[in-house]
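Dropping the structures in below, format is structure tokens.
Two complexes are shown next, each including chain A; its partner changes from chain B in the first to chain C in the second.
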Partner chain A sequence: MKKLLSIFAVVAFAFSAHAGTLDDVKNRGFLKCGVTTGLAGFAAPDDSGEWAGLDADMCRAVAVAVFGDRSKVEFITTTGKSRFPTLASGEVDMLARNTTWTISRDVNLGFEFVGVNFYDGQGFMVPSALGVSSATELDGATVCIQTGTTTELNLADFFRLNGISYEALPIETNDEGKENLFAGRCDVYTTDASGLSSTRAAASNPDKWVVLPEIISKEPLGPLVRHGDHQWGDVVRWSLNAMIIAEELGITSENVDAQMSSNVPEVLRLLGVEGNYGEMLELSNDWAYQIIKQIGNYSESYEANVGPDTPLEIARGLNALWTQGGILYAPPFR
Partner chain B sequence: MNEMNEVRKPPVATTGIIGWLRINLFFNWTNSLITLFVIYCLYQFIPWILDWTIFSADFKYNYLGEQITNQEMCSRNLDPENGGACWAVIYVRFYQFIYGFYPKVEVWRVNLAYVMLAFALLPLLYAKLPYRKYFLYFTYIFPVIAYFLLNGGLGFTEVSTNKWGGLLVTLVLGCTGIALAFPIGIMLALGRRSKLPVISMMCTLFIEFIRGVPLITLLFFGMVMLPLFLPEGIDMDGLVRVLVAVTLFQSAYMAEVIRGGLQAIPPGQYEAAKSLGMSYWRMNLLIILPQAIRISIPPIVNTSIGLFKDTTLVIIVGILDLLGIGRGTLADTNWLGLSYEIYFFVSLVFFIFTFGMSRYSLYLEKKLKTGINMGAD
Partner chain C sequence: MRSNLGFFSDEKFRSIFFQTLVVGLFALGLFFVITTTSYNLEKRNIATGWSFLQNPAGFDISFSPFLEFKSTDTHLKVYFVGVLNTLLVSVTGCIAATILGFILGIVRLSSNWLLSRLVYIYVEFSRNVPLLLQIILWYSILIQLPRVKQSLQVLDVFYISNRGLYSPRPIFESGFSYVSIAIVLALISSFLINRWAKKRQDKTGQQFPVFSSSIGLIFIVPLILFFILGSPLSFEHPELKGFNFKGGLVIRPEFIAMFLALSIYTAAFISEIVRAGIMSVSKGQREASAAIGLKQTWIMRLIIIPQALRVIVPPLTSQYLNLTKNSSLGIAVGYADLVHGFGGISLNQTGQAIECMAIVMATYLSISLTISFFMNIYNRSIQFKEK
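== the complex of A and B ==
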């Protein structure tokens, strides 16, 4: 009976989910955005209780696109375990929760990744006193590694490919890894590069630690929505793309007003001076202008939250524009 | 022979400070060795912890006299040789630790609720309170007042529960869980001992099922599955769902604790009550339960303390309680790396509450003389 009920509920839910998230959001008057419970640089409450970070900016950008107001967003905190059920049940309209885009999540779980707002990958951190400049020199090292994660498998693959050996020191949490590395119980700590940067920033003397250049896995992190609501997916996708295109075109939150009278056709299209792209998305025509005005372009968000001037000191690397040696690439705005 | 009758004073070695020391700390050589070892450890530890937490610590300003706004300005980060804990992070984030993300203009409502909670608890905790009867009326209506005050309605602006956080969430979960679980637990305990097979079977099934799964599973069930069973359009609040899970969990444990108390009541008490012509409910309310609950005080407090600490698990369903706010603070790039200070503060707050509960239960036990065997055998 219970099983029957739940099947019925799921089916009923599956139909109701097609009602149109954009209309739901507009009627509700604010966006519900799922973020982490706290991850340095991506989403964390600041001293005044406002959520800040790269993912938080993503949420705000969508809120701005829909309402023209960066405060019209409610942040729902989710954990690694609760994020997918929360999105599937419709409790949040979208997730910007540094989630890796994989085939199983995209296809099997019934979600749609609308783009990538941060290219991460597994890296290594060692004490600078070790004098190592490349991960291939780590033969025989003791490595702190979180058990039961894909990082464990990546590590084994990397060392086997390079024909070198290592000794694993299994740990459970990032904090544990940090303490073990700082106490010298392991020579190397490996996890996602953004995580390494925050670990390094938390050290009492960050200069004593270096993050090695090798990145041994692909972790494209991006916002995602439920399958089947393409209109809403488009709104989120193009909110992200608008920020990237704005950087490409050199439009910032400061010069956006001056750019309104630019003579570059794509700038005029993006800012809504020409064309009716806002209407196509069922948004106001100045939606992208408002995103750039209130949030900034991708580079501004990046530099403010995770860039080299923040304690995290993550260089643009892969996250630079395709024209500047990175792989950040948005489809043209036309 | 006369001198034999004289009252002889006890030997010097067993009285006074020296006597106490001898008996309690230096009774024999193993005792003495352990005492010396413990003194040595305390000597090593206490000056260090005092220095770190108080004497060398930054409270609001660092040793240069600047007001601290991020971790780089902490004395110990400016100069590793200089400075202990950096409590400025607690100072700056105090609002969040106590109220979560509750809007600042509405925060008086939370403060009022905190004060009213104290008044509501007073008549429950202290039996000799003057005008206790009237205070008790207030206690009964307090949950309703608190609901409207915190959540909104009746002219108050609504503050959605995902803006709640910190100590507020911890107290709401702890108090509601403990308060609701008590009556439900009593009913379940009586039900399980009932002679009516259907009632006893249902209660047993419920208790065993809830006790058989971890709280995390129940929280997930509440968070993810519960909405699927509700009819379309009824949107149950996240915090309410967690409250349901926590209350169910706590009632099952409370039921077993109270059942233990019920089993300790000698059959003579039941027989005596019945022979006076008392009904089932009168017998339980007037004779059995007062005694059963009295002897169950230690385990009741035990499970309550357990629940209060278990409320930190709600972080896995994305609700930021006191510990969750602490972790969120650690993820702010301004305050990276201050984990010792934050975890120390959070554990101190939890310690104050749980230690208070356990001391209160000792006071109750003393007052009600639960240690003494209650006649009838």
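== the complex of A and C ==
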């Protein structure tokens, strides 16, 4: 019997194909990256049909790290509900899908969050005509909420804590949320504050909507991979860190070539001039150079997708570098 | 020549052998699936087990007409809320689809060209457009209704908006229980009167006004009692307070969309089944009953329908099963049924996909088998009784 079981185990192993994601990706020739069904600023097709956004850049950065080519990525859309099964089953190699890092997802679901690419918090958006100025005035309101999210749980906690009632209208995607909110089926839409800004920017008249001041939760959003494949986890983690470190060191997509002859040791290490950090990751030695060259540093990606000059108008806030009043911090590159 | 496959030439042995082989292969396959699944779950560090059912859900479900649900309740309660919501839309949908389907099936056979064409168009349209689209269509129409602050007011007591239909809620005061007892007693006695009248008619040919006497018993008697007791019933009217109406009864657009789409879609199939059933009764039956002077309505009720039912009921059963299973599309409009609530939100919050799906599937299976069981009993009762 034991022998039979072990035969099954071997066969079963053959069916579960995640021995080494990095090798799988290299063999396939492109990266499969799970993103949202469309959230402007994070991942949404732009005017030319190209995926753009902070999360889309994260996917591209990993593709650049592996292949040196930002186009070697297939974007796969996932809903709040389908994202985890999609990752667990190997349909995608990684998720960059404004997903909150929580203990249960990290531990119980068998995933590994490799970092944070956006520090967010849950907020509320209402029509300005309602004259509401605080979330505690929302007693009896109908709230649109995406199911299967941490925001759903925070919402229940917040109203319970404040002893006020609400009626939840469960929706699946951000688009459904918009539709119901704009039609007046719900009074309030709650999701991460960044998502609210994105939704507001998409409204025909953004001034008709206000985001309430309360931020009721911590939502560290970051890319995640399957637990147990540490090599692949390292590749994704350091692709993100490379962008953050590049900002710290003042390396941008424009000056990266000039920086190759810098005299700062960490710059030379990051760009692969000194040391063999690329080989340690089983990547080419100029992987970080390519990320910065083709995608840019964290700040460039932020300003282009969600920053104050975009329709989302989100100030850096918590997402500024630790040296500039934020909490964005990457371990040293050495 | 006797071959050394002696056993195989024995038909009985051969059939047992192959049946055992098939069962064995099936069991082996099942074993393989189970071991592979548990092996992979373990490898991906996904915890399994049923203990999550006792954990607090942490989220709220607003549409729960039968059970009060709070976010501190367990996932098990999410399951029960889901089952009740699934049953609610399935049962009301089946009743409406049956009534509508019977009417349309008969109208389709009408000699009125326009009526029968209209039903034909209806049937072809709703049978050939995917149900999911119909659900979404109804929902899109419903959320285009006026906003809650501009609700349409009907008869001063009903309010219609895209938040649903608000109506007064009856509040039963002490003494109303006597009225309900009277109604139950009236129902039982009209049933007994019906049986007695039938027997008497069989014996003597005399008829008894069963219908009007039953109406009298069921409606008039409790009504008199109701006024004698001093009208022990009041209404709580919905009132616009803050964001929403407070108080009153509300029927949500999610439910209405599901109910309309399911019953209209299934009614199209049922009307075709009814039409087929009626047409299966030979023309001679109708002509013969007309020849002995029966009224048109009697011909339908006493001669045609009872014979048609034998043909109608078996496919009707499968329409009921379809409707119940189709109610799982509630997720498209956020109707908190079993699949959306327990098989969706709970699954996603706990990550226990296999457990949740197994429970949901077992539940649908039990509901379907229960429907089949009762419909089979009914089917047997309407079959020809050879005498």
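To be clear about the criterion, the second predicted complex is superposed on the first by the 233 of 334 C-alpha atoms of A that agree within 3 Å, B and C clash if a C-alpha of one lies under 4 Å from a C-alpha of the other, contacts with A are read in each partner's own complex, and residues count from 1 in each chain.
Basically, contacts are C-beta pairs under 8 Å (C-beta built on N, C-alpha and C of every residue); 3 or more make two chains touch, one makes a residue touch a chain.
This is a predicted model, so every value here is computed, not measured.
In the superposition on chain A, A:66 contacts neither chain B nor chain C. By the touch criterion stated above, A:236 is placed in contact with neither chain B nor chain C.
In the superposition on chain A, A:169 makes contact with chain C only, while chain B stays out of contact range. Look at A:41: by the touch rule set out above, it reaches chain B but stays clear of chain C. When both complexes are overlaid on chain A, the residue A:244 reaches neither chain B nor chain C.
After overlaying the two complexes on the shared chain, residue contacts for A:281 are found with neither chain B nor chain C. By the document's definition of touching, of the two partners only chain C reaches A:109; chain B does not. Of the two partner chains placed by superposition, A:221 touches none, neither chain B nor chain C. Once chain A of one complex is fitted onto chain A of the other, the partner contacts of A:81 extend to both chain B and chain C. In the three-chain superposition model, chain A touches both chain B and chain C at residues 5, 9, 12-13, 16, 81, 85.
Chain A contributes residues 5, 8-9, 11-13, 15-16, 80-81, 84-85, 88, 104-105, 107-110, 130, 138-142, 147-148, 152-153, 155-157, 159-160, 166-172, 176, 179-180, 183-185, 187, 226-228 to its touches with chain C in the complex.
Residues 69, 71-72, 76-77, 80, 92-93, 95-96, 100-101, 160, 162, 220, 223-225, 227-229, 232, 238, 315-320, 324-325, 327-334, 336-337, 339 of chain B are the ones touching chain A in the complex. Listed in rising order, the residues of chain C touching chain A in the complex are 31-32, 35-36, 39-40, 43-47, 58-62, 71-72, 143-144, 147-148, 162-163, 241-244, 246, 253, 331, 334, 336, 340, 344-345, 348-349, 351, 353. Contact residues on chain A toward chain B in their complex (touch as defined above): 5-6, 9-10, 12-13, 16, 36-41, 43-47, 49, 52, 74-79, 81-82, 85-86, 89, 91, 175, 198, 201-205, 305, 310-312.
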